[in-house]
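Two complexes, one shared chain (chain A), two partners (chain B, chain C).
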Partner chain A sequence: MIVFAASDKGGTGRSVTSANLAYRRALAGDDVCYLDFDFGSPTAAAVFDVPGAVRGVAEGGLHSHLQGRNTEPVRIDVWAETEHEVLRHRPAGAGSLVLLPGDRSGGEFTVGREALRRCVDLFLRLNGEFDVVVVDLSAGRSYAIDLALEATSRPEMRSVPARWLVYHRWTRQHVIAAAGLVFGGRGIVAGGVARGHDEERLRGAIRFVRAAVPDPESPLWSQVPPAQSAWMRKCDQDLEVLAADLDIGYTRLLGSVPLEPVLQWREQLITDEDVLASRIANQETLQALEELAERLTGDEPWGQP
Partner chain B sequence: MQIKPRQQLLDIWRAIARHSFADGAWDWGEAGGRSSVADAERLLCLLYPATEIPAFRLDDPDTTDRDVQDALSRAGSRLEVPAKLVTVLTEFMRTHTAEDKRPSFAGGHYYFARDTADELSQEQRDLGVVDSFSLSITLSLATLGFLKIYMSKPRKAETQALADELKVATEKRLTASMVSLLRSFTVNAFDAESPQGRTLCRLLGQGQVSDRIVAQQFQRRFKSLRATIRDSISLGVDVAEGLSDENQLFECGWAWGLVKDAPPVRTSEEIGPQPDGVAKQVPYLYFTVVALDGIQDLFSDRTLTLGLLNTEQQRLAEALRLRWEITQQYWSGIARFGDGTWPLEDIPWRTTGQRLESEYFSLSVAAILVHDLVRRRATDDDLTRTVGVMERLAERGRITSRPVVDDRAVELHNPGVVLPLQGSDALGPPMQWRMPDFSAQLLKRTIQLCALSRSISSHDRLLRLAERIFDHIWARRVRGGDTAGLWDNVHAVYPDSPPRDWPLSWSVTERVTECMVAARQLYTQPPIRSSQLTVVARDLLSEATHLLGNEQLEPTSTAEGSRGMALKGVEVKLQRARQVLDEQPGTSCALTLDVLGQLDALALARRTASRGV
Partner chain C sequence: MRVPGDPAAAVLLCGEIRTCLLQTGRSLPASAARDLLRLRAGERVRVSERPNLHVVSPDLLTGVDCRLPTGTGARIRAVGTVTARAVLTEGRVLQATARFGCPGGGPDTRRPWGSYLVRPGVVEPLGRLPVRAVADGVLADVRRPGELDLGAVAERLLGEVQRHPLLDQRVPFKSRRTRLRWAALRAPDGEGPSLGRFTLAEDGLRTVELRLPEGTDPAACASLCEDLALHDWLLTTLVRLVERSRLGSADGHEAVMALRPAVDHLLHLWMPRARVDTTLAPLWEVLEREPGFTRQWGTLVQRIRDQLALQAIPLLREALTAR
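Up next is the complex of A and B:
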């Protein structure tokens, strides 16, 4: 299964949350592969603490592969090469976790027929090899999204299940932007339909993830003054209504990740140790990520609601 | 106990979810399908709040609030609940369809024989009853509105198919129930010398005025109403000949079911054959109130804005509205007849048709009066008198007072007031109907009246009365077992009353739900303004504004300093106080008083300083 991670704005926690999802799926036993399609700034490797690829690899990354400069993109086995203390010990029963980094000197490029063919080949190959392929697309309505839509519309890709995650923060602007990215005139759905996707099927394959959501009910916010709490609840309700009006409400929601300092500041994987031993991360965050990872591959949350 | 509509409604929903959704799937249970009245009441416990209260909406899973979702968690996730509702409603429509494809309004096990030895025939149990017609109107409108919103977004194919079936069935049921209500409306004319006439005259004259004079007053009082009925009511009813005889007295309202010989209503809608009625042409107070409650939903704001009625249904609704208005005017006139004490204040009321006496009938008349007061925007004088009636009913019904040994009043609650259904013996043994919901009805009318009241003293009296009745009702919830949290455990308040074999009553549960919905409306309107407080608030505000101006003559502080901040805070508070002065003079007072204290602290400090040097 291929999972595309998109967002309209930067700072939505797209990379860090997707990486955490990949990690959770690997822990659950799936073989997982993570593709850094953020051609502008390929930094996904930083989340996995892989040295030498923190800002993309010097050569042989995805970028140059798609442009035909190398036959095989660089692969990094995260379990083996990470500097993260906990990650270095691959837990029993965990699947493989492989990162395909971008090139350091990348940049956006237009999609030619050759690039498209290579992209389709790559997807098909990886899909055969891995259970879950996470493709981290750059923010905004980018060429990467076009490439993904184009590739998935090819007849040979029809049998490969594809799912889209659209990340947005829980604010007015982000909600509006996320809805625009998907349902807008130049949005993912319109772009997909123009490339031959079935509209209903494509809509059914898109789910939203709310990131950095301050939950007024959570212990983190239980100590705020009553007036502030009342204000937060009202804002939360208003946002729910706004989201529902834009059709990105609960029915199209895969999950929410609470506001979490570890994600916000360190942009790192949240391990069980972070929650249980050192306790720097909140239990709720871990639960939210686990639930997201489970719903990501389950069938029940997907399809026409 | 304070009435907290949201929390208590959630309690009720939680209990229903626990009881009705065994393992997540709706379970009709043993009693399901045996009476269209009980099944409709049961569904309305969920659908009525969902229709009337925005926070309880189930048709838009995207905006469901967390507490509502938690309350229904046994029923499924917020996405599942509406889909399940569609299934359950479709099952309801299928179950309550007769063999000839017409919607069935059977009273079922709510009917019982006068002599316990007799067994009612199936034909009798299948007879439609006004309760069911009226509930069907509310339920159908709720369902149509629910579908309209829920299906505005694409849903799963199987839900879509069910929803289409449900919509057709519901529209048919709605038309059929309107036609049935038209055919169960009746006008009964009788001679002043007949036993009925004498009962009515005695009721209106209260023993003070001779029957002949009462009859004359009656003619004068209801002359125009009589003319309206005679000239403009024809659909589904044969207005009795007697109405043209000016010397005859009359009553109007709803019989217990379709009236005998009621002509079929011609309609372009497909509703199947219209069965013959058996009910005698006598209005019942109880069924009249039930019909009035249902009919008013036909012209609610929601029905209009969502456009739930088609042209034909609008025509029927207009005809019903006329009967609704006339009936209210008639009974409101009867309740307040004469110059001195109202007949309504002479508790208990004695019905003319069945010649029965009970507090329940006083309550029914009061309920029609409340309807009329709501419609006419009552004067506070009428309202205050009704408050007294409500208080006395609660007292006499042993809700706000303790029952004595072998108290007859407890029979109001257990086993409940029994009505003979006149005309039902045409098909078998005579049938009866039981009303065990005195307290819930009383609470509902008290709350409605309270919402209407704009004088602080009657509002306060009514609210306190409502809270006491609510205490009584809340104590009557079933304690344990799978029906826990539902009604009606009457022995909790009347331990000595006779045992009964039905622990769960959907009628009472549904009435309580209605009460909670009414209570919400009570709190959504702005508080009553006290003119006295407004005067005080305005004077306080004037003094505070002046003192603030004075304070600002002092040398300016740096904006971040504590004095600067304090003055800024004072300005903001005064602004707010001025803003809410008209709506909430009390709040305005509180804000201004706080400001006065703060300003005085500064002034006092300066005075102390000036003395010291």
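Up next is the complex of A and C:
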């Protein structure tokens, strides 16, 4: 299965949350691969704490592979090469966790026929090797999104399951922007249909992930004055109404990730250790990530029998 | 390596093979396999059904004018054609091979293109060929920009086949492709073929260095290496499947279910030397002694069958008490 991670704006935690989902899937036993398609600023390696590739690799990354400058894109075995204390010990039963980094001096490029062919070949090849292939696309309406839509529209990709995650923060601006990215005139759905995707099928393969969501019921806010608490609840409800109006309400929601300092500031994987031993991350966050990872590959949340 | 004493005969044969599972749910029968590998209209696909189904595409030529990879970093320009072909075993395992032979030297300037075209699969150096350095370069992991990259030729061919509409992309299990690079130098006069080294690197790269008597058919050398690559891939893939099934630690039933694809798709494929030229067959014997390919395969297969038998015992008891 190929999972495309998109967002309209930066700062939605797209990379860090997607990386956490990849990590959770690997812990659950899937072989997982993470592709840094954020051609403008490849930073996914930082999340996995892999030295040497933190701002992308100097050469041999995904951009140069798609442009035909190298046959074998660099692969990083995260379990073996991470400097993260906990990650270095691959738990029994865990699947592989491989990162394909971008190039440091990548930048956007136009999608020619050859780049498209290489992209399709890469997806087919990784689909044959991994249970889950996470493709981290750059924020906004980018060439990376065009490439993903174009590649998945090809007949040879038709039976490869593809799912789209669209990340947005739980604010008015972000909700509107996320809906625009997907359903707008130049959005993912319109772009896909123009490339031959079936509209219903494509819509059915898109789910939203709400990031940095403050939970009014959380113990964190239990001490705030009643007026503030009521206001928070009201805002939350208004946002629900807005989201539903824009067709990104509950039926299209894969899950929410609570506001979490570790995700915001450290931008790294949250391990069970962070919650249970050092207690720097919240139990709710871990639960949310686990649930998201489960729903990511499940059939029911995607309306499939 | 044609007529003994021929100055144009190759002193170095090089190749790269990529081996992977055919990306489709069921193995292809002979007729479909033939259609799959008919890469160019009008060219013949070779199909052999004994002792197993083995389908070989026509040879495809790629013209090259570039530097040869060298271990020393020396810049050796060479011109000619690389031969590539795709091979499908039992409609299940796909291989793409790209190879060329190199004579000991050539003129210092480039000849008209026609004179290269009449010798398919030969890449001629401009000037003298530093055999050792080029062999080292071919076997090395890294390719510098502008150097002849056999892997790219093989990869492109593999992509072309795997994209074919006959394939449904629904693989029965996940597996990784392997790369095998080989370099065959000439054996000293009067000596038979020998295997210099066979190495396994972490990232699925294998290298083989051979010594072959003058006059050895380059296609026979390619077939031997394809056979090695196929069995190395089978072994690598089965080891991984057994590892992932957590045989011995997980719930027995679960482990058996995880091993089912191996039983369905892999166990019957083991047939070393099925198509290896008799003069080159002794090289296989070396690998059978050390590291012992068939010994390891046999042990794994036995382990899987023992598990299947163990899992069947309670079923048998149930069936008997139910009567």
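Keep this in mind: the second predicted complex is superposed on the first by the 302 of 305 C-alpha atoms of A that agree within 3 Å, B and C clash if a C-alpha of one lies under 4 Å from a C-alpha of the other, contacts with A are read in each partner's own complex, and residues count from 1 in each chain.
As a convention for this text, contacts are C-beta pairs under 8 Å (C-beta built on N, C-alpha and C of every residue); 3 or more make two chains touch, one makes a residue touch a chain.
Just so it is clear, the structure is predicted and the values come from calculations on it, not from any experiment.
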Identify the partner contact of A:Glu217: answer first if only chain B is touched, second if only chain C is, both if each is, neither if none is.
first
Could you say whether A:Thr251 touches chain B, chain C, both of them, or neither, answering first, second, both or neither?
first
By residue count, which of the two partners contacts chain A more extensively, chain B or chain C?
C
Which holds for A:Phe130: it touches chain B only (first), chain C only (second), both, or neither?
second
After the superposition on A, what does A:Ala243 contact: first (chain B), second (chain C), both or neither?
first
Touching A:Ala227, do we find chain B (first), chain C (second), both, or neither?
neither
Chain A-facing residues of chain B, complex
60-66, 78-79, 153-157
Using the touch definition up top, name the residues of chain A that touch chain C in the complex.
31, 69-72, 75, 92-93, 95, 117, 120-121, 124-125, 127-131, 155-157, 159-160
Using the touch definition from the top, list the residues of chain C that touch chain A in their complex.
20-21, 23, 143, 145, 149, 151-152, 155, 159, 162-165, 167-171, 174-177, 203, 244, 246, 249-250
Within the complex, chain B is touched by chain A residues 200, 217, 237, 240-241, 243-244, 247, 249-251, 303-305
